[in-house]
Structure formats: C-alpha cells, structure tokens
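In what follows, structures are represented as structure tokens.
Presented sequentially are two complexes of chain A, the first with chain B as partner and the second with chain C.
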Partner chain A sequence: MNKIIHIEDFSRSGGQLAQIDPAELMPLPPPYDKMSKPPIRQLTDEQRKRMDASLDGVVAIGLTPPANPEEEKAFIDKFLAGLEKLFTIENNWTFLQPLVHTLDYCVKCQICSDACPTYLASGRQEIYRPTMRAEILRRIISKYIKKENSLVRKFKASDIDLNWQTLARLAELAYRCTLCRRCAQVCLIGCDNALISREIRKIFSQQMGIAPKELHEKGAVQQLKVGSSTGMTPAALMNIIEFIEEEIEEKTGRKIKIPVDKKGADMLLIHNAGEFLAWPENLEAFAILLDAAGVDWTLSTEIAGYDSVNYGVWYDDFQFSRVAIRQSLAAKSLGVRKISLGECGHAHKAGIVVADRVLTGDLNIPRESILPLLEEIVISGRVKLDPSRNNFPVTLHDPCNMVRLMGIVAPQRRILKKICPQFREMTPHGVENYCCGGGSGFAIMQSTNFPDWRSAVSGRMKFKQILDAFHDVPGPEVKKYLCAPCSNCKGQFRDMFEYYGVWEKSGILYGGLVELIVNAMVDLKKPFIQWEWH
Partner chain B sequence: MPQVEVGGKTYEVDEDGFLQELDKWSRDFAKGYAALEGIEGELTEEHWKLIDYIRNYYTQFGIAPMIRKMCKDTGLDLKKIYALFPSGPAKGACKLAGLSKPTGCV
Partner chain C sequence: MGTLIIVLTYIAYVCIVAVYTFKVVGWLRLPPHIRWDLYPVIHEENYRYGGSYYEQQEWWTKPRPKNRWRSIMYSLKDNFYMGEYYKRNPLYWLFLLPWHLGFIFIITFHILCFFAAVSMVAGLEISAASASSAGKSFYYILLATGGFAFLTGTFGSIGMIFIRLADRSLRMYSMPMNFFNYFFFLIVYGSGLFAWLALDPTLVEYRAYWLGLITLSPPVLHPMTVLHIILFDIFLIYLPFTRSTHYITRILAYFYIRWDDEPNQRGSKMEKQLNDLLGQKVSWEGSHIAKGKSWVEVATEPGFPDTKKDSK
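On to the complex of A and B.
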C-alpha cells in the first residue's frame, strides 16, 4: 500500500514526500510484467543538491532552494501576488469563471480520482489525486488571501503552512497532470481540476518566471524568435521541404511541388513542426493526398506560420496570445480563406478553441481541423483506395484535445472503418479515451528522469490499453499499427515504446492517420508505410 | 550547472550531458566523450563522417539534421548509426558533435 499523505506533509522540509514503488504500479500484461530495470532513474546526489525533487524524486522543473529567509519570503510573496491576480477579470480573462467554480463547488467526492490515468496507474498515489492541487490552493487562499480566522479554518479543516517547500512541491505537482481533463468529464458538477494544474503553472510562469525550459525558453520563446520551437528557421524549412519532395518522387514516382506561401490559396495548412524533423512521412502523405484530391492549399514560411504548436495553452496566457496572433497574421498576409490544422492535438485546442478569446476583427480567420476534410476525401471516393493494402491490425488513439475537448470523434473512425479491415477499438475510446501520458507538454520534456516518469506512470494506462487492443496478436511476428493523429502523442509513443522495447517484443509501429490513407491509394505502386522506421 | 571532464578539460553541459556552448567543441572533446557514450575504442572514419555531417548541417541551418536526411546523405542506415552511437542519432551522435539537445515536438 502506498502511504497516506496529508496536505500538511507538503510543508515539511527535508525528505521525499512520495516514493514510486514498482510493486505498486498498475500491472502490465506479459512480457512487460517483469521489467529488469527500476522504473525511474534515481537522481545523483549532486543533482539533488541543485534541484528540488522532494515531491516524488522526479524533476520537471527542479527549483533551487532559497539561500536565506529573505529570499524565501520574496518567493512566497511573489506567488501570493500571482495567486491574487488569478481572481480578477483583467488579469485572468481566459479561465476565471471555471477556476472559481472548481474552487468553490468541488465536494471532494473523488469520482475524478477513479477517472485519472496517472493516479490509477501509479497505484493510487495520494499526491496524484486530481483534487490534491485544488485543495492546496484552496487552503492557501483561505489563510493568506482571504485571511479567514484560525477558528474558521479549523472548522473547515483547511490549515496549511506556506513555505518555500510547499510551493516547490506544488510547482512540481502542477507538472504531474497531463491536462487530459478526464477528471472534468466525469465530475457531476463540472469542476475542472486539470484547469487548476494549468492555472498553477500560470502563476509560476507569468508571475515568477518559472516553467520547464522545454516549454518556455526553448519552446514558446524560441518559436517567436526563429519561427519554430524546434529551432527550425524558414531556410531550414525550405531545405526540408525540398528533401520531402525528393522522397515523394522516390517513393511514388510523382513529382509534386509542395505549395509554399501561395497567395490567395483556399487553405493554409499548419503542421506541428515536429513532423518536419521527426515524422516527414506524415507531411509526404499530406502532400500526396491533397495533390491527388485537388485541394487548393499552401504552407507558410512566416514565424509560427509553419509550426502549429502553441505551448502557452499549457502554462502561460501571454505566450499563448503572442503565438496565436502570429499564426493568424501568417494566414492574413497570404489572404487564405481558412487555416487548417494538421495532426496535432494541442494545436487544435489552442488554435481553434482558446484563440477565439484573442483573435478579433479580421484576425479571426476561420480555423478548422483537417480531419473532416480527410474524411470527405476518403468517403467521397475522390481518391481511389484499396483497403486490402492495409490488411494488418490497426488500433486508434484519441488525442484528448481533439476528441474529448472538441468532440471530433467520428471522422477518423469512418476513415479507418473504410480503409483498415483489421481495425479494432481500444477500451475505452472516443471521448472516454485515456491520455497518451505525454499531454500538456510532457512529451517534449526530455530532461533528467522526467521521461522515465511519463513512460512508467502517466503513459502506463495508455500502454496497457494498446497491448490489450492487440491481445489476439501479441507477438512481434505480426506487424501492427497504432494510429495516433497527433505529434505530441507520437513523441510520447516513440519514447515509451523505446523504454519498454515494444518493437522487439510486440511489433507495434505508431504513426499518423493520413499515412494509412495514402498507403491504401490504388495508384501507388509500392506501399507507402515503411515498417523499418519504427 | 553540471559539468563534465573530458581529456583533462572541464565543460559545462546540461542535465543530460549536452554541451552548452557550441564553440567549446573540439575533435578532442568528441574523442574523449566517446567512452562516456558507450563507444568502445577509437572513433572510426564512419563516426567522424556522421559528426562532421551533423556539424556542417548545424552551421548552415542552426538545427540538427532530420534523421532521414542524415541517413540518406551519409549512406549510413539507422541500424548502422545505432551500432556506431549506442545512444542513437540524437542522444549519441548529436551529443558528440557538440550540439544542444533537440527541442520542440521532435
């Protein structure tokens, strides 16, 4: 049994609050039931001196302890100033209403805990309960913002001692939730505890300049500076597009000129830039299919116009707004009718949903998901497809932001049912899906032992679901395809599959949706999917 | 900031051993670092081919090359790259080439 942890424990200095015990983790089917290595790498003593790992021995941020009491006080004061701002409409024009609702109305019934893949897969670690962060925040507000008297607090059982240690642990804990919002979905009164994680991250980032490097400095800031969070400049982009055109010709014999900065095109397609560097077959497949279907489309070389990511949606309203505006400006300068987003989940949430709060007037260009267009191409018969070319087991992962948040459930299924004879669903799926474990930026957080944590804990439920979906063909001799129409999810699957040795043990390849469509194209002589790039 | 000692010299690296300042790189750095990356013996011509390719691409475009392109241009397939650099193209080869850790959704 994992130990019971009380909120008071968060304020105790020294020691590690929770231990991730391999024996307590949710069991996996064989051969993954016996892992020879410890699930999470221990930090070195030297690392522990520099970085606070007192929550669970894992580091997402790794704060350095203050040198003296003055520094500690300044740190706490800053946090409280940021917390206060969350409750004014001028400073929190994005999420004030659901934030207040969640803090005021949650009755701590814990239905959400049973819906949380991280909490369940961890073996029900107390600290990972979806309600934990909200309760810490509620107590801080009661004592330090509302300054309720000690009797009232005693009556409400809401005491807390705010020190540097409390906040360092809270900051880390905000990065143990993938913002999948399965908790919010099951809540009977609509409380959104994932939003609480996000708003805590926002205080740390906007008020205190604290955020994981991969999201902020190397993420949003780099995107606004050079054009993409990958560091890919427009010149590098053009170099890669040239390479992709060559690849298409070699694979299919087709000479396709990928449209770039085409003024007046009907649709600006924005991909997650990760596709250009890590999964070019996704871009190749899009180019082949859109060309065959006669779609009038273009890519952009403007800053953020060729990288759909908007990491701010996970941690910072300012960074979010800056990127959303740049993306819209890229579309405006080309005079396109609409922006279409490729296979990237959080970009759907950021660009299509949340950006509505930022984009006004002629910046509010129509923005949509590419999935319905893909469906229309497949179902209409505009491109001839032969399902027997996809005659291998296929299952579908539902990216949380596209599916649970936006309700884009059916298009990808109608496509797969038409072109994949061995398509099978996971259990549960659709809006009740489980997160890949890499949501909210986790898939790109590659430092210290955090990647171990997301493979062993936050991705564990999804990993089990994938294995269960292929339970009838478990061995590596049958090649199987996990369709994941989201770059972030693919990054998580790549890392998690390497961590568990999935290709060798189970023969599962992960990839996007459009690759399967192109693989079924009758006109192509050779299969498009190349199994050697697992 | 973590440090690593290679051939009697100290270098600043990130938490995962990637060199922080590109201009501190030298061929001696790569030679000395190879053992820490699980490469047995001296670096061979094929190791250098890959390291030089990565560095040239970086100088020209400011990022690490995509793996597919790296394989195609050097004629070394992914299996071969893993045989040369056991930690793989990004975590092994790029690290020895002195690049910082790849960022973004890659």
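On to the complex of A and C.
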C-alpha cells in the first residue's frame, strides 16, 4: 500500500513526499501488465538542484528554491497577498461564489476520491486525493488569512506551517489535476475541487507570475503576440492551407479552395491550430465535407482567429479573457453571423460557455459547436455516406470539456452509430467519462519527466478503458480506431500510445470524428483514413 | 424552570433563523460568476444522459425550456436519500443517512408540535383516545416523527463516531470538531430517546411544552424532558455555526453554479451587472497584468512585453 501522507508532511523540508511505485499503480491488461521500463524517468542530480521535485519526483513547473530566508519570506508574503485577493469581488468575481462554497461547505466525506481517475490509477496516492489541495488551502486561510486562534485551529484541525517548501509542493500539486471535474460531479454538496486546483494556479500566475512555460509564455502569450500558441504566423498558416489544398487534390482529385478571411461568410470556423501542424488530415476532412455540404464558411488569419485554444481557462482569468476577446474581434471584423468551433474540447468550453460572461455588447457573437452541424450533414443524407467503408472497430472518447462540462453528448454518438457498424462504447462514457489524462494543459506540457507521469498516471484509467473497449480484438492484426474529437486529447493519445507502444502491440489508431465521416463518403475513390497515420 | 425553557427556546429559534438567514443571504449576495456548469443539468430536456441545449444547431434561436420542478425534486431528494453515498460507500451511508434523518425529523417533530399546540388552543384534543379522528391521527404522526427522530439520531451519532474512526480516509481528514458534534448530538438525541422511552411514551410533555410556548405559560415538565429541551435549544443555537447550512447551500450551489446555464444576452440585466464588475480596478501583481487598471482594461490589452519569470 502507498505510504500514508499527512498534510503536515507538506511542510517538511528536503526529500520527496510521495514515491510513485510501479507495483501500486492500477493494473493494466496484458501485454501492458509487464512494462520493462520504469514508469517515470528519474531526474538527474543537476535537474533536481535546479527544479523542485519534492512532491512526487515529477516536474511540471519546477520552482527554483530561494537563495536566502529573505527571498523565502518575500515569496510567502506574495502568495498570501494573492490568496487574499482571491476573496475580493473586484479581483475574483469570476469564481468567488463557487470558491467560497467549496471552501466553506465540504464535509470531507471523500466520496469524490473514488471518482478521480488520477487518484485511483495512482493506486490511491494520498497526495492526489481531490480534497488534498482544498484542505491545504483551507488550512493556510485559517491560519494566515483569517488568523484564527490556535485553539480554534486545533478544534478544526486546520494547523499548517507555511514555508517555501509547502508552497512549492502546492504549486506542483495544482498541476496534478486535469480539471476534468469528475470529482465535482459526484459531490452531493456541490463542491468543486477542480476549481480549487484552478484557483491555486491562478494565484501563482496572476499574483506571482508562475505558470508552466507551455501554458503561459509559449502558450497564451505567444497566441496573443503571434496569432497562435503553436507559434504559427498568419503567413505560415497560408502556406499550410495551400499544402492542405494540394493534399486534398492529391488524395481525392478535388480542387477545393479553402475560404480564408471571407467577409460576410455565414460562419467563422476556428480550429485548434495544433491540427494544422500535427493532424492536417482533420482540416482536410473538414474542408472536403463542408465543401460537399455547401456550407458558407471561412477561416480567419487574425490574431487568435485561427487558433481556438484558450489556455487561460486552465490557469489565468486575464489571459483567458484576452484570448476570448481576440477571437470575437476576429469574427467581428469579418462580419460573420456566428463562430463555430472545430474538434477541440477545451476550446468549446472556453469559447462557448466560459467566455459567455466576459463577452458583452457586440463582442457577444453567437458561438456554437461544429458537432450539431456535422450531425445534420450525416443524418440528413446531404452527403452520401457508406458505413461499410468504416467497417472496423471504433470506440469514442468523450472529451470532458465537451461532454461533462457542456452537455454535448448525443450528436457524436448519432453520427458514429450511423456510419460505423462496429462502434462500441467505453465504460463509463458520456458525462461520466474518464479524462484522457491530458486535460488542463497537460497534453502540451513537456517538461522533463512530466509526459511520463501523464501517460503512466493521469492517462492510465483512460488507457485501460480503451483497451477494455477493444477486448474482443486485442491484437495488432485487427486495426482499430479511437475517435477523439478533441486536439488536446489527441495530443495526449499520441504521447501515451507512443509511451506504451500501442500501435505495435494493439493496432489502435486515434483520430478525429470528421475523418470517419469523410472516410465513408461514397464519391471518394480511395479511403480517406490511412492506417499509416499512427 | 418552565420560564427558562420558554425564554431559551425563543432565543434559540431567533438565533437559528437569524444566523441561517445571514449565511444564506451572504451566499446569495456573492456576485455572478463565470459560467461553470456541470452536466447533467437536471432542468434540461435531455438530462437523463446529460445533454444540453448546445446539442442543437444555432441553439440561440431555439427555446430553452427548463423543468424547474424536476430540479427542485432532484435536489431535495438527496437530503433524504443520499444515493451517491449509497453507491460509493454503503457503510458510511448506513450511518450518515440516519444521522441526517435525525436532524430533519427532530426539526419536523418540533414544527408539528407547534401546530399541535395551535390546534389544542383551538380546542382539538390530541391523544390516542381523542374523540376526533384528526386528534388521533395527529397524535400518531407526532409519536412516529418524534420517535423516529430520536432513534435515527441516536443510532446515526453513534455510527458516525464509529465510521469516522474505522474508515481510514474519513479518519485522516476528520477534525476534533466532528467528534465533538457527534458526541453532543448523541447526548441531545439520547436524552430525548431516554425521556421518551422511560418517562413520556405518549410524548404528551412536548405538547404541553409547545402549548406553554405559544400561550406563554410556563409548563411543568419532568426534569429529564427539561434537560432534553435545554440541550435541544443549545443544539439549535449551535447548528448554524457548523457546516450544517449545507442543507440549504448545497441546493443553492446546484441552482446557481452547477445548473446555471443561463446565457448572457445583449442588453440583459446580467450584462449590465457584468459590465459593472468588469469596470472594477484589479490589483493582481503578475507582470502581465497592468497596475491600476480595471478588469476590462486589462483584458483588452495584449499583456506583453512580458517579463514573466519561468522557473525552468
């Protein structure tokens, strides 16, 4: 059994709080039950000196220890000042009500723990319990913000010693939760520990300027500066679009002009820019299908107008709002009637739902998911489809952001049931799905051994689910398709599948939804999906 | 003694109502937040599988019917049933449910006693031998409610002490306050149970007590019943200072957070409220947030050159 860890241990200096023991991790079916390599790479001594890894030996942020006690004090004071701001309307109206509710009313029943894929897959590592972060925060608030006296603190078991180490571990711990909100879904009190992870991230970012590089500097900042978090400039975008048009012609013989910056188009379609670089076939499929269905659409080349990602939704309210506003401005300048979001879960949730109360006046342009339109195209028969072209086992991954967090559950299923004769569900699925393990930015975070952690721990439950869904055809000789209508999830699957050697051992290809639709199009001569994409 | 319990009871009720009201109003007065809905949203048509209005094309052109009644029933149901606990930790549920039912029924019992007293003033005789069937039924309802409250409350309080110690996850995150509460509530329910079983099997003393309360004439009661009533009054005063307000706030959290799927519309009252909030000055110190600016000013500037230090 994993070591019992108490909150007091978070303040102990030196040493690593939790060890990830391969023997304790949730078992996987064969052939993945016997992995030859250790699940998580050890850091080098040099890395350990430079970056704090005292939580679990893994680095997402990797803070540098303070040089002297003054620096340590300044660090703690700044954190506490940020914590105080979290409870003021002007600084945190955005999440004040859910935050206060969770902190004040959790009854510590631990029901949420059993819902958390990270906690379960880790073999119930105490530090990954959904309530752990909230409990640490509650104690800091009791002692340092409310300044409750020591007797009250004893009565409420809310004592804690705050030092640099405590905060460094807390900062890392805030990045061991995928914000999938499965824990929140089962809480009968309406508390939300995922939100607490986000609020902790927020203090570190908005107050202290600390966030994983991939989310902030290379993510949101780059998106606002260059146009996309991938670093792709509008000029580069145009090149890729040209390439995509050529590819389409080569594959299908069709000459399709992808509409770009088309003023007055009905719909601005925003993709996750990661698709342009990593999965151009998704964009090709969109272009082919929308063209065949006669949809009046356009892409944009404005800042953020060609990249639907919004990393702020995971760590920073201002970065979030900035991106959401830029995306709306892009639509406004084109004079489109609506914005439609491509296959990206968090972009859906961020752009359609969360941004809703930041976009006021004429920035509030109607925004929707592309899935209902895809459903309409498939079900109406507007485009002729032949399901037998998809006659291989297919399962569906539900991106939390699209499903549990915004209730888009049925359209993708109706599509798959119509065009994939061997479609099978995972268990559980729909709003009770398990996260891919790459949520809340993890899929793009590549720091040192963090990718190992998200393959071995946070993605483990999903991985098992996928294998279980294909239990009747486990070997690589039967080619199988994991449909993941989310770029972020696909990023996680790419890394996780490589980590476990899934193509070689099980023959599972991951990809989007629209690829399957186009693959079934009767008037395409060759199959669109190529198993070599793996 | 009779006067003491009358005064104490009035104080207790004023206290519990005042503090609960204060807490609930405080909760409700928190500003609107960013949408953070979580599905299934029970008022939605497709709540069974967790579907939302976003499943339709151009959702903003479609009606969004909300079944409020279903939402209310759903949220109340868990105050009495707690299905999620049953599913996930049945042993815990076995004690937690009676513990909660104890609360609900003891409060209900007292409210019923109040109505009984009012009926008695109006001339109704409440007893097993009452000539009127209303008086008879009232008698049995009171007996059942009170008896059930004492039994479940006592059982639940003992059980909660046991389970909080026996279950490792629960024990690790328990606070001394939890055990204080369990013991205190055990004494409250236990004293009631004892007074009922040993001294007052028809619960006639409670009717006398409530009659005394509404007619302001101090009743003469057995010391054990008096002790229970005093403990119960202290319990009422103490209750709102525990996390018990979650009986109410959990329902608010469902309606105002989890199921709050109301889109912000141009020119709406919400938009005005949001504009006020967006106009407030923020004081975050991260280098990407300009000093002395309002929310909307910060959000509309690009936020660089950025000197954000990354620790890598």
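Quick note on the criterion: the second predicted complex is superposed on the first by the 534 of 534 C-alpha atoms of A that agree within 3 Å, B and C clash if a C-alpha of one lies under 4 Å from a C-alpha of the other, contacts with A are read in each partner's own complex, and residues count from 1 in each chain.
As a working rule, a residue touches a chain if its C-beta (ideal position, glycine included) is under 8 Å from a C-beta of that chain, and two chains touch if they have at least 3 such contacts.
All values reported here derive from a predicted model rather than from experimental measurement.
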Exercise for the section: In the overlay, answer first, second, both or neither for which of chain B and chain C A:Lys78 touches. Expected result: second
Practice task
Applying the touch criterion given at the start, work out whether A:Val309 contacts chain B, chain C, both or neither, answering first, second, both or neither.
Solution key: first
Practice task
Figure out whether A:Glu135 sits in contact with chain B (first) or chain C (second), or with both, or with neither.
Solution key: second
Handout entry: Contacts of A:Asn272 with chain B and chain C, given as first, second, both or neither
Key = first
Problem - chain B versus chain C as contact partner of A:Ser321, first or second or both or neither - result: second
Exercise for the section: Once the structures are superposed on A, label A:Trp531 by its partner contacts, choosing first (chain B), second (chain C), both or neither. Expected result: neither
Exercise for the section: Based on the superposed arrangement, let me know which partner A:Asn364 touches: chain B (first), chain C (second), both, or neither? Expected result: second
Exercise for the section: Could you tell me if A:Val226 is touching chain B, chain C, both of them or neither one (first, second, both, neither)? Expected result: first
Exercise for the section: Please name the chain, chain B or chain C, that touches the greater number of residues in chain A. Expected result: C
Fill in the blank from the handout: Note: overlapping chain A surface for chain B and chain C spans 62, 447
Problem - chain C - residues contacting chain A, complex - result: 27, 30-41, 44, 46, 49-60, 78, 82, 84-85, 88-89, 92, 96, 168-170, 172-177, 180, 243, 245-246, 249-250, 252-254, 256-258, 263-266, 270-271, 274-275, 277-278, 280-289, 295, 298-304, 306-312
Completion exercise
Given the complex, residues on chain A that touch chain B span 46-47, 50, 62, 214, 218-219, 222-223, 226, 228-233, 235-236, 239-240, 243, 247, 272-274, 276-278, 280, 307, 309, 344, 443-444, 446-448, 487-488, 491, 532-533
Problem - Residue ranges of chain B touching chain A (in the complex, touch as defined) - result: 2, 14-16, 61-64, 66-69, 72, 78, 101-106
Handout entry: chain A - residues contacting chain C, complex
Key = 4, 6, 51, 61-64, 78, 81-82, 85, 89-91, 93-98, 100-101, 104-105, 107-111, 113-115, 126, 129, 131, 135, 154-158, 181, 184-186, 188-192, 195, 205-213, 216-217, 221, 224-225, 316-319, 321-322, 325, 338, 352-354, 356-362, 364, 366, 368-369, 371-373, 376, 403-411, 430-431, 447
